[in-house]
Amino acid sequence: MKKIAKTKLQELWRCLSAEGALYLPVRSDSVVDFALWQEDVPADLETLNTFLPPKKFYYPQTETVLKYEFGENLQLLDASSQAGEKTILFGVRPCDTAALSLMDKVYLSEPVDEAYRRRRENTVIIALGCREPEETCFCQTFDIDPGKAPGADLLAIDTGTELVVTAQSLKGEELLVALNGVLQEATSGDEIRVKDVQEQAGEGYLTRVSVHGLAEKLDTCFASPYWDRLYRRCIACGTCTYLCPTCHCFDLQEYAAGHSGERVRCWDACMFTDFTQMAGGHNPRPTQKERVRQRFMHKLNYFPRQHGGEYACVGCGRCVRQCPVNLDILEVIREMGGAVDGQ
Amino acid sequence: MKRTGVFICWCGSNIAATVDIELAVAAAKNMPGVVFADQNKYMCSEIGQEIIKEAIRSHRLERVVVASCSPRMHENTFRKTVAAAGLNPYFLEIANVREQCSWVHKDKETATAKAIALIRTAVAKALRNEALFASELPIERRALVIGGGIAGIQAALDIADSGFVVDLVEKEPSIGGRMAQLDKTFPTLDCSACILTPKMVEVAQSEKITLFTYAEIEKVEGYVGNFTVTVRNRARSVDMSKCTGCGDCMLKCPVKVDSEFDLGLVKRRAIYTPFPQAVPNKPAIDREHCRWFTENKCRVCEKICPAGAIDYSQEDELMTVKYGAIVAATGFDPKKLGNYGEYAYGKHPDVLTSLEFERLLNASGPTAGKILRPSNGRPPKNVAFIQCVGSRDKAKGNPYCAKVCCMYTAKHAILLCEKVPGARPFVFYIDVRTPGKDYEEFYNRAYEEYGATYIKGNVSKVFPDGDKLLVRSVDALSGALVELEVEMVVLANSVDARAGAKELAQKLSITTNAFNFFNEAHPKLRPVETHTAGIFLAGTCQGPKDIPETVAQASAAAMKVTALLGKDSLLSTPTVAEVDEKLCTGDMSCLVVCPYGAISEKILEERRGRETVRRKVAEVNMVLCQGCGACTVACRPGAINLKGFTNEQIMAEVEAICL
Amino acid sequence: MSTASEKLRASAAEALACGRVSLVLGWRKKDFWWQSPVAFVEAAAEAEQLSFDPFSVYNPVKYLLEATECHEKVGVFVKGCDSRGINRLLQDKRLEREQVLIFGLPCSGKADPAKIRAVFPAQKIREVAQEGEELLVRLTDGQERVAAADFLLEKCLTCRHPNPVVFDELLWEPVPVRAGVDVSRFARVNSVAQKEILERYTYWARQFDRCIRCFACRNTCPACNCRSCIFDQAEPRWLGKASDLADTMNYQIIRAFHVAGRCFECGECERICPAGIPLQEMNRRLIMDIDKYFGPYEAGLDAGDSPPLGTYRGEDPAGFDES
Amino acid sequence: MASNPLLPQVAVVTDVRRETPDVKTFRVEAADGRELFAYRPGQCAMVSLFPVGEALFSITSSPTRIGFLEFSIKETGVLTRALHEIEAGTEIGVRGPYGNGFPVDFLRGKDLLFIGGGIALAPLRSLINYCLDNRDDYGRVDIIYGARSSRDLVQREELLVNWPRIRNTGVHLTVDVRSDDWDGNVGFVPAFLEQLNPAPEGKVTVTCGPPIMIKFVLQSLAKMGYQPEDVITTLEMKMKCGIGKCGRCNIGDKYVCKSGPVFTLAELQQLPNEY
Amino acid sequence: MKVTTDKINSNLVKEVEEISGQKVSACFQCGKCTGGCPVVGSMDIFPHRVLRLAQLGLVEELLHSRTLWICASCQTCDSRCPRDVDIPKVIEALRLLLLRRKGGNRLHPASLSARVLANAPQQGLVSAFRKYAK
Amino acid sequence: MPVTREGFEPLIVAFCCNWCSYAGADLAGTSRQPYPSNVRVIRVPCSGRVNPSFIIRAFQRGADGVLVAGCHPGDCHYHSGNYHARRRFTILKQLLEYLGIEPERFQVRWISGSEGAKFSAVMNELTENVRKLGQNRKLRDAR
């Protein structure tokens, strides 16, 4: 366990950026998002949810999967081998860290997505524990401790004037060694302060819902009339899916000019009207009702069924706050019988 | 990908000197879709064309690109070539490597690179070319002429003369129009009635012409070759088949109304013909004033009519007829002078408009052709003619020139001198405009021979002064103030579009200018056509004109009509807009920008789940559409596309040209 | 509960009860103090849920497209901005006037939750209510009153038509237009326009770089009411699906162009943009140019007029070198 | 070593055969002459045409015929239109096999009733040829197949000539629209099926066709007494990856590309009705 | 300067036309005469305006004009007039009108100095002397 | 993109209406009025057919300058196409400038069928102006 005074963070980041491309939360106009570290650009370590979750570093919004030449002969070039420069993410919150392990279930299961795997391997995550939840946070619903981030390589806890950093993986330990010059050894007092912060972080949730047994309940809810009411508000934008740290649907598109081209994988959203539209005209999800149902059933029923009971939600609250029409997963959990307490 | 062949023309040395043909052929062979590429010294020659045809056959080509001179030069040649080899002619694309490459660039290397890019672009487009066909439409061989003035009469006669059936629809009880109101005509001073009435009679007697007077256009539907027009035949209250035109009824009718034909200078009866030489010379009852219709008493005419032709029970009748072509010849209205108090019009009886003066001149007019002052019935000595009343006046009149006033005022000056010995005409003018055969000479005579005094200056005010009128102005040439004492003032009031022109234009789907004159399709090259195919213009409904010009345009319109009706069928441009109904929102943004009225609304019925839903979509009339493509950009969802220049094709060209 | 909400409930209940409409669109309260989503009320008894509070901002008008497919007549509550959306749909022939019963709600502006959060800790806020010209902020530990005008949404600061421009019934007295809106309307546009060209590009590139192409701006916009948007079409592909700055600019330019002369300045695109892109600065720029070149025009005020991009005058000036 | 699962292999179209006005069958071989991959009947593969795109198609050839793959493809969209324009010799990309395929072991020893309509004969043909090539392993084989018109019969030679000649095999054809060159049955497949009324005992049916046909065939089969476990069908969904990641082909918690496309009616009844 | 019906109708215009044999009304004020006149610089009323005033009956104004005596009768205007008006003749007629009215010649040979006789334009002297013959 | 020995050569895409500007370009050819080979013409029936999307797409794919050329106002073969184009491109041009795209890169000109000399003069001027600006990177696709 090491520590650093918050006044000296610039120094830490300078050292980190020498180890790899360093990204941390930065405010640009009204939006806080992960950005490449630049000297003199202050990081924002207060805002809990970045605009986009860090999934974009593993699973970029746009990514070339294949390049080709098709003049005389067809030549295919695997683009996934180019993925994966050494990257350090600083300030990933526990919920977003947890989301990565959900994403792993998709992209690291057979057949493994090579580009994802390389990026995952080459990235060091320095998580930053939360001190106090925001009104839309409900990560504890999914048993995520806002003061801990087991999936991270390093965990940083803000004890007030200092960040206390703990290594949680081999990669993390290696990095700590490299940072020896700027970090101080933590004391047992620090350890106590960390514990206090962690404990406090778990209190003060405004939003308490429970998903206990919800996946099973939802088995019978596919035809529920609830969906008929719920979907009407949806405007079929992709805000919820693109901002969601666990959403992972994609599309493959061709970009070609002359005799060469590339196949690009890009984020797609099950909310979009053409998501399942087939060339012949058939669409198994013809209206927004089916699409809205798909999204929530996927998160709360299908995903748990496919992946050992784990829900595809980490309670980060981005969709709750950003949905233009206030149609969010909290409402669905409540309506579909998730236990509720608190506000 | 479609099997495409590329044929590069040397054009002798015109192209070959600047473009490396060998290199271009090699590059073409490597383009996507190209399965064959060749070259020839003159592709347009018989040998060149044979090469293309042979290659289409032996290489099973589906698309052809010729790199040569401008498509404006040989596109048709090569279309015929590919058609002769069994392909749709629109499978051809031309890369313009002469006018837009070899002739304007010097450097062989860059010119060759550009030529290759142009060929690549043409190939990219050709790959997306689709078979296009001109569609054929039958033509209704009957014409409609709206308006029975000299323009309508001339057009109807000319069309009938070519052997086609014409319906002539006139709003008033008689044809004749404005020209019938005139006395003599410039520059020859021959009598208007003498030259007009024979034509009116000819109309009445023509077997090919059916005359509908006292009738109005109710509705126009359809399109070129296939108009369906509803005409309202207003109740005349006189049975035309029984009436002999004896005129007894008009003598006995107790109601007196201002005569429209004589501009209120005399009265007519409630049962009337507008003027003695009317065609048909059978009266109509003006129900607005007829005592039977207003007060439910009288019925004198019924009693007096020897033929028993009076029929108060008649009602307006709607008839619907199909026409292949329509001529609009609805004429003009003289400007109403409400705004021009300074001229004392309406305040002093001796201030007249030029058309009123014309009636005074006319032998069948209120004074039997004598020029007499309405105030005292005596002939005037000094008469002021004020030109440009309501013309060339941005502030409260028309900004445009009424075109005929200079000439008819000269005519009035001459006739005044002839009819009133010793009379002196004073003409106040801004400019005197006399472009026309023998017009300047006519004007010269007015001041040289007849001593009309022309004063360059607009009259600022006319003061009634006892039984005289004081006219105040300035002579802009000398700078002298002018104050004349005259006995009569004649105002050359401007020419307005006919009241109701705008409404008719809407019915016809033709456009008007800001002053409600009908717009021609092109001011220079298509002066008698409108944007709506099959609708033509004659006379002053298009803008101010004199009689010779009106008659010339009427004949031209008739010629356009006969050319149209003489065809076996109509062939449309194949490159027309088409609507993808799936994408169409039905907001009709396309309709608004279409200059040809080629787009209309259509209700589409489609299955959605178990229901049948109806929704609005746009529909393109392929005959009317001329293929400008303005609609394609107005259409936000890209639902309307232009065949031959589709979004897909142009996008492909853009991508290929930028490579 | 405020009288405004009560008026909404009474009107909706009455219209539903007597069968004038079979659906009413309004707003209701949800879990959080700042959530006032659109409510679909189908029975008089359900009208109780309706509420009109400082956050009843989302424009319900676009829902009319689908609602009128299965309801003969739909009631809808509209603020000034919302009402112009109705004219938008009428003008675009997407709606017939008889299909809607419009309850007009004069509106002096809605509150910006971000501005409230900046003053009060969000976790402590329980409710924010409008009381006259004040907001009453109920906190876990007491309550406070603040001037509502200090917490207005950006879009409300430049609102020129706070009173509905089309309606069947007006629920309360019209409100005055805020002073100075004519100046503030183009203030942001002007400040961007005054930048050097490279600076302008840098500014916009930074904004557009954040765009994730969620299409919320398009999907919420009543002027974007095509059955099938060109950006969703595969052939030709007007817009690439992969996110790329130039392609994002393509999207944003064409989107703005498609609403040029049709945007009625409700500002919802910008308000709901999750990436905080100042979209209204583009829309307003187009409005400015349309006013300048083709004469003043405000969209959505009259369903019967002709939008400037479907028409022309021969003497139009050109915004380019006509020599 | 892990590799990019979205990377296709280069293959060559060695033969293009027109089946009907809008269906062509493509024979595809590996560019290097080796076998592309092993597969089971009913499995699918992603076919890429560069630079147009990629889509999933049923493999219509039987794994018993070695050295090539065949795809019968109907022209419906941008990609299939482009595929219809290619000629023999064109190089394409292929990756697969994807999906579960037909349960050939379960079918072994049983009588088989194939019910197909239109282009959906493609996956059935793979299994039919597989069974007929292993003729002794299976009982009686009956094939009921319908098309819009006689011009729209795919695999015409097999339907009319090859399969009827094989012992213990029956082919029963129907078309929707009567024409002069057709003297067989006219009518929709479900009605034709009820008219033939094959007894359910010992029989497994494998059906594939347009959604509306499947719907009525399933009703007919139920009426005739077939058990859901003995009714097998294949589904078609929009797919982008073929490997259960892109997130669009799921029905409930099953990705059609991995757990399907072959399902028994019994399995389908467990799934939400969203296909 | 004011144009009235009386003035226009006065016999003066007719007189000018009779004396000159020119149609004053033929002039349409193109101004070509004035433009080409070699001595226009010394004129108070330009030649074309002479015609205009005559047309309007403003002959009185003309009779007091210097122009009548400056005109050298060089015929430049006449040779160019599109309306074929002989302007020197009109001017001459005006001069005559004035002379007749005053009953005497404007110039007396004795009043001319030797210097004037030596330097005055030949044509001017000729035209002036012609008047003596009257 | 044509790159010559001398370095950067801009690519100019010109959308020319068939009736006036394309004819003007042809006249420039027949009267041998030279202009740089950087200019490549796409023939459209009317300037009113040019969709703003085409212009943006050209920039995306590498055009350094785009010209739309049509008949002079009043001369449109289709009566009003260029009037619509004038409105559309007036606002598009202002918008592009507002977004920081150099105004020289997108031009609209009226060139009649008799103005061959003008066509080549405009092309010379446009090419020169764009050459000075350098490559279009702002609206160009990254891939």
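To keep things simple, chains are lettered A, B, C, D, E and F as they appear, and every chain counts its residues starting from 1.
Note that contacts are C-beta pairs under 8 Å (C-beta built on N, C-alpha and C of every residue); 3 or more make two chains touch, one makes a residue touch a chain.
Just so we're clear, the structure is a prediction, and the values are computed from it rather than from any experiment.
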{"item": "Each chain counted as touching chain E and chain F at once", "value": "B"}
{"item": "Relative to chain E, chain with the most remote C-alpha centre", "value": "D"}
{"item": "Of A-D and A-B, pair with higher C-beta contact tally", "value": "A-D"}
{"item": "Interchain centroid distance [CA atoms averaged], chain D/chain F, Å", "value": "52"}
{"item": "Geometric centre distance via CA averages, chain E-chain B, whole Å", "value": "54"}
{"item": "Length of the line joining the C-alpha centres of chain C and chain E, rounded to whole Å", "value": "83"}
{"item": "Centre distance in Å when chain B and chain D are each reduced to the mean of their C-alpha atoms", "value": "64"}
{"item": "Residues within chain C bordering two or more other chains", "value": "230, 235, 238, 240, 242, 244, 309"}
{"item": "Multi-chain contact residues (two or more partners), chain B", "value": "593, 634, 647, 651, 655, 659"}
{"item": "Chain E residues counted as touching two or more neighbouring chains", "value": "none"}
{"item": "Residues of chain A touching chain D in the complex", "value": "65-66, 68, 70, 73-76, 78-81, 106-107, 111-115, 117, 222-223, 248-254, 256, 261, 263, 265, 268, 270, 275-282, 284-285, 290, 294, 297-298, 301-303, 305-306"}
{"item": "Residues on chain E engaged by chain B in the complex (per definition of touch)", "value": "1-5, 8-9, 23, 25-26, 29, 49, 52-53, 55-56, 58"}
{"item": "Residue ranges of chain C in contact with chain A within the complex", "value": "30-32, 35-38, 40, 58, 62-63, 66, 114, 122-123, 206-207, 210, 212-216, 218-220, 232, 240-244, 268, 272, 274-276"}
{"item": "Parts of chain F lying in touch with chain C, wherever the complex brings them together", "value": "52-53, 56-57, 59-60, 73-74, 80, 83-84, 86-102, 107-110, 138-143"}
{"item": "Touching residues on chain B, where the partner in the complex is chain A", "value": "30, 32, 655, 659"}
